[in-house]
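The data blocks that follow each hold one structure.
Next come two complexes built around subunit A: one with subunit B, the other with subunit C.
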Partner chain A sequence: MVMTPPPPAPLPALAGPRFLSRDGIQPLLDLLRADGRRVIGPTVADGAIVMDEIVSADQLPRGWGDDQAPGRYRLVRREDDRLFGYNLGPSSPKAWTFPSLVPISRATRSEGKVTFDPVLPEPPKIAFLGIRACEIAALRIHDRVLQGGPFVDTDYAARRADTLIVAVGCTVSAPTCFCTSMGSGPELTAGHDLAIVETEDGLLVEAATPAGETLLAALAARVATPEERARATHEVAATRARIGDPVALPGLKERLLAQPDHPRWAEVAERCITCGSCTSVCPTCFCTSVTQTTDLAGADVVMNRTWDSCFSPSFAKVAGGSFRSRPRDRYRQWLTHKLATWEDQFGTPGCVGCGRCVTWCPVGIDLREEAAAIAPVRPPEPVIAPVAATPGAFAVGRVSAVRSETADTTTLAIDRLDPAFAAGRPGQFAMVDLPGFPPLPISISRFTADGLVLTIRGAGPATRVLCGLQPGDEVGLRGPLGTAWPLDRVAGRDLVIVTGGIGLAPLRPVLDAVVADRERFGSVRLYYGARTPADLLFRDELEGIWPHAGIEVALTVDRAGSDWSGPVGVVTHLFDRATWDGSATHAFVCGPERMMQATVAALAARGIGAARTWVTLERHMECGIGLCGHCQMGSLFICKDGPVFSIAQLGDTFGREGI
Partner chain B sequence: MNDQATLVATLASTWFATGLAPAVSARLAALARPVSAPAGTVILREGEGTDLLGVVITGRVALRTLVPERGEATILTVEPGDIYGWSALVPPYRATSTAVAIEPLEAIVFPGTALRAALHEDPALAAALYPRVLLAVSRRLTATRLQLLDLYAAEQVRSW
Partner chain C sequence: MASSAAPARPRVGVVKMASCDGCQLTILDLEERLLDVTERFEILDFPEASSARSAGPFDVLFIEGSISDPHQAERIVELRARTRYLVTIGACATAGGIQALRNWGDHAAFRDAVYARPEWVASLDRSLPVADLVPVDAELRGCPIDPDQLLELLAALATGRRPQLCDESVCQECKRRGAVCVAVAKGVPCLGQVTQGGCGAICPRYGRGCYGCFGPREGANVDGLLRHLTADLGHDPAEAGRLLAGFTAWAQPFRSAIDATGGAPEGSRRSLPMAPEAARRAAQEGAR
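Here is the complex of A and B:
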């Protein structure tokens, strides 16, 4: 078969924007009305600029602007006569595409029989005049929510079917605007038929659809000059620059959903009066209820779809009570839906950054401020480039001190190392090599001013030789490698550390950090299990330094002679019947994997869930830098992606046999 | 711990006996008496008859077993809130290990014979108490299995 090239696309009838004087808006209005459309545009009413039906250009808010701030809206006179020199008011196209009350069904009930007749709307043809990029983004969101799935809201679909949009690119902004962060403005990119940018010169009008081209052709406007075009581009760009990037969207979903227990939810609820203003001015909020109005006999019923709000007390009510009885739960539901869970449901955030919820909140709660407080962007941890970062290279360190911890475990202090080692973080490890033996991943059990400390159990030939090193001996090191315990996440919170055996070694730097800055953390509890009393590591710290620093230390051993008066049994017995509250506690766990599984289960039973529990894993490693392939676990490399993971991150792979 | 009300309240403060129905709690307290013992007291001897089921209030009880040439090895300690002497409820009513108070002990004890008779004649008491004993014993059994794995041993130590 011979392929023939497709015919060239027809050139647009009109290339580039046209210029209209401000008075040229009336002919446009006339054209839209002649097309049988109700024109919904901005007008001044009740002390605000609202959307309403417009028949004459005289109704437009010529020369009006506004002063907006959290909880504040005032009309102000502009010094010029711009038609679109205002920022968004309380009303949005939602009032026409998704009215606050529409009948959806007529029903009857008579002598035990019932009937339902869906009401099919006969909406007017509408043209929106003057709506902004963020509002078009909101319409796109409603399109997805209300008609993008398997079930369609027929009323919305009918109203939306023939809407024509004459949009305005923003050359003004309010302090409450944040479309730039949400990716919805201020530039007009899609979804409109005609785009207007208003400058001091007048109106630059550009068609984006055939319907728009027809209108533009009928307006017989001249082509805009390059200078006029440049001014329009500049004014919209200046708007973007003025707004800046007030909401850190990348990663916001994950950061927010990780904070269901943040104290700020309760704090904001102290101010929130759960009035639902935010949801009624929001252009994307779509939650509704069905209200029924009946005749006196109750036989003829009209079912109305009415706007509802997740802030209303009855919103989450069932026969047994409300699932979200507390204001903090309702605020969290609203904010996390807008900025996080909406994305899972519909592919984008449910917020377009119009700022209406900020302006129209009677107590001035600012969504941007709340999101930043509850889900702050943590400055990225400085990346410590490991030293000797190729499989064949090792930095040479010198053993400066040796301490025998137990019969088979030795602690080596290593100094004269590259400063990168000392800048490592608790939980990281080093690949350690002696020529003639395989390189081994060894936990760093302390960071010192000019080096680090390794605690090694002599379990095989290489580790036994390492344990036998003497002061002055040299050893090869690569590191510091891998992820760290998330100390920033637990700052200000309660921390539980559960370790077994040699597993205390990678947690000692965490305890060092607690001792160094005790005020940074809430309560800190260490539960440590060893094989026998003689196998307990770091006795000085366990018995002196840590308890004196206000760390609650509890020890247990698997077996003991009669000289041991402490607990004997598994480490979980130290806390499974304790009375502390785990609902806001974080846990760090290290030990043999089977012990960690039992611990994670016991912690979960105490209310410490997968997102607040971290473990460190051990796997065979030859390189420690993601090149040798040995330490794979599912989709993770333990060396690069770990060794510290949250249980939520590991999911089902944690504790599964043979992964 | 010298009156009935204190006894009931003390029992209710332990995880073993917390949340019992008032009638059950009263019945149990009627059988109970507080005991104290200095550190070093042998409470039960492995293989001998178990006369008392005890709930530790304060202190620590070591459960020990004699291993030839190793002496007495402690395999578990009973901490506050937990029970010792559960063999008082299970034939042949003989202790499975030696129990020694290794810290000064305050406990509430139930005479085995009287408790068994009460459990036999009072189904409500039996229905309330047996699951708690079973829970305490199963918690211990699960832990013992983990201990048996000897997880903290060096790699080359294999006992099978």
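Here is the complex of A and C:
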């Protein structure tokens, strides 16, 4: 059978945008009203362009613009007669789709019996006129939050059920705008019925839904010319260029959530009045409270849902007090919800970049500035390619100096190494190999200009041979490998280091960094324990260099001799009675795993939480680069994902027996 | 005197100290709703409304006015002893009132300047909130108080629940009502951010700045507001501090901020001319 090709489908009529003069807006208003809708659009009132019911085009802010800055808004006259030549004012569609006060239930209580009658609204059909792309994005966020999950806010659903949207693409922008960063504008992409772009020519109107098509058809406007269309495209593109990209969104969530203790939270709290203006003007903030209005008998009750704010004192209050009593806690709650945790809850950030919280903050706090200060974009850490990154290839280093630290521990200085080793970071290790012996992971206890320093306890045949090397002997090395102590995270903060025995070795580069740039850190305290006084490593540093550099050093031993007058006992006893505040302190811990468990518990009891406590773990390693499988712990390879981990990262695998 | 209503009706009194009676008038202005109140509460003593008097004891006693003279200071202690729930109403009772501006001044000079026979006047050198002398169970802020808050408190008392009194800023009330912020849009200095709501943001809704008659809200960051007004907007510090020197000036942290900025009321440290009558008598005594 011979198939004949189907006839070509007729091309759809090229709809394209239509052209309306500015005066053509009144017929559109009339059509919307004839459809039984209340039209909510922009108008000038009380020194701002606000949204209100519009019945006549005369109410539109023709020829008005605005001048906005953090904490400042002024109406200004434009030099032209544009209808939509202004930026967003304080009010948003939220006031209609999610009003500030709605009754949600009427209830009674009489002689022990109670009744509840949920109040369902009978909202008017609404047409929003002139709302922008960022506001549509905000409505779509509310759709997800309030009716996108298993439970639906029936009041919102009823109000949102039949809203028609005549949106305006932005050909103006305010210095407070950042929709471009949040992916919500300035172009109209979805969620509207009719799209208007206003240029010097007039209004270009395009339908996006059947309802929009119907309206457009009834307007009987001519098709816009290519020149008119080009100007509209150009003006919106120019708006995007003007706004730029003020907030670095990629990775912002992670960067922000990594900073629960940043000092900036306290600094912004000194400026923040916690008035809640930001949450009220935010088009996505949805937190509410239910208030109960009763008659004097308490029998007839009206339950009202009202806008609340995480900045209110009572917002997080229970009997006994508030969970977020300090302004810094409330600011952090708000900012991290908007820009980070919202994404986990609802799939997008809770911010659309409309900039209202910036303009309408009475003291001019700029969310963009705070986010950038608290969660700055750092240049990506240079990837330090380890030397000889296959299990069989080793770089050769030469032992330049040997120092006996204790009866069983020796420090080897190794020079003439590949410069990549010198670029290593505190906490990293090297795989060390003497041909004939198994390769061993050894912590790097110092980085030098042309090499590194290894401190080795002779615990088995291979380590004992390493301890016996002499200057001039050669050794095979791969590294530096693994993760490092997070010095950037603790910069400017107080640091507590708790360690025991040979565990001081991987922490010595941290203390070197503190000595090299003491101003970079807050207080630094070292708590160090050894079996006996003779087992203390690095005596020169412990007794001279570190205390001189302003590091508080406290030592303890398990067993003392007559030459020891210091404390005896476990290392955590050294800070049992310390007076420092752990609420903003960070801790680095290294030692036997049982000792680290006890220490982590003691630190937690002093307020240093899991996200601020790091440990370094030891496991059997053959390759050091995640290929041999020996060092697996849960979902982690200690060699490649560690050896330095935060306790938060380890979760309950830390200290669990048999993992 | 025995009431025919159920004996369970809480017994209520309304007394005044140093005040203008405006808050008591707010009670009377409840009009038809006042009838509901009298059904639920037995009003024992309310001299503004009735000449029938009683010395209590009271289940609920509303105190209007600040403690401004030694007699009031004694009386409030006696009243407290006869009262289960003592509720202060209005800026005078809760914060010392506008008359607390004299707390920055020379009390004796003021008295001698105003009264012809100052020796007949027994007054304290400070106007104090009631809570400085006796424990207070609840307070209704404002100059005057808000009738809806009054009814809410009465309804809560009648049903035995905690009253839902606003602890948020005036800003939130402004925003809920769709009012445009006068501070941001007009540059009007406004205390709404640091002031406890409950008023319905009346002043900003009529285009003027909040002057703080409901007093400082919990944790009010007055320093932050003053820094913004002076460092960012260029207001003179004393002028900014003077914004706080109104109906609730004596309430902390307004009081400390007034001191820190030098915003104490104009003339409070100046010696005042004596009243003509007092001057005449002083001259006579001097001649004698």
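Throughout what follows, the second predicted complex is superposed on the first by the 560 of 659 C-alpha atoms of A that agree within 3 Å, B and C clash if a C-alpha of one lies under 4 Å from a C-alpha of the other, contacts with A are read in each partner's own complex, and residues count from 1 in each chain.
Throughout what follows, a contact is a pair of C-beta atoms (placed from the backbone, for glycine too) under 8 Å apart; a residue touches a chain by one contact, two chains touch by 3 or more.
Because the structure is a prediction, the values reported are computed rather than measured.
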>> For A:90 in the superposed arrangement: first (subunit B), second (subunit C), both or neither?
In response: second
> Now for A:592: first (subunit B), second (subunit C), both, or neither, which partner does it touch?
Replying inline: first
> More subunit A residues touched by subunit B or by subunit C?
Replying inline: C
> Given the touch rule stated above, what does A:297 touch, subunit B (first), subunit C (second), both, or neither?
Replying inline: second
> Looking at the overlay, what does A:24 touch: subunit B (first), subunit C (second), both, or neither?
Replying inline: neither
> Can A:531 be said to touch subunit B (first), subunit C (second), both, or neither?
Replying inline: first
> Residues of subunit A touching subunit C in their complex?
Replying inline: 45-48, 50, 71-75, 89-91, 95, 100-101, 270-277, 280-281, 291-298, 306-309, 312-314, 327, 359-364
> How about subunit A: which of its residues touch subunit B in the complex?
Replying inline: 408, 457-460, 500-502, 529-531, 535, 556, 558-562, 564-570, 572-573, 576-577, 591-592, 594-595, 598
>> Residue numbers of subunit B touching subunit A in their complex, please.
In response: 15, 39, 60, 62-64, 70-77, 79, 81-82, 100, 102-103, 139, 143, 146-147, 149-156
> Once bound in the complex, which stretches of subunit C touch subunit A?
Replying inline: 36-37, 39-40, 151-152, 154-155, 158-159, 161, 164, 167-169, 171-172, 175-187, 190, 192-194, 207, 217-221, 223-225, 227-228, 232
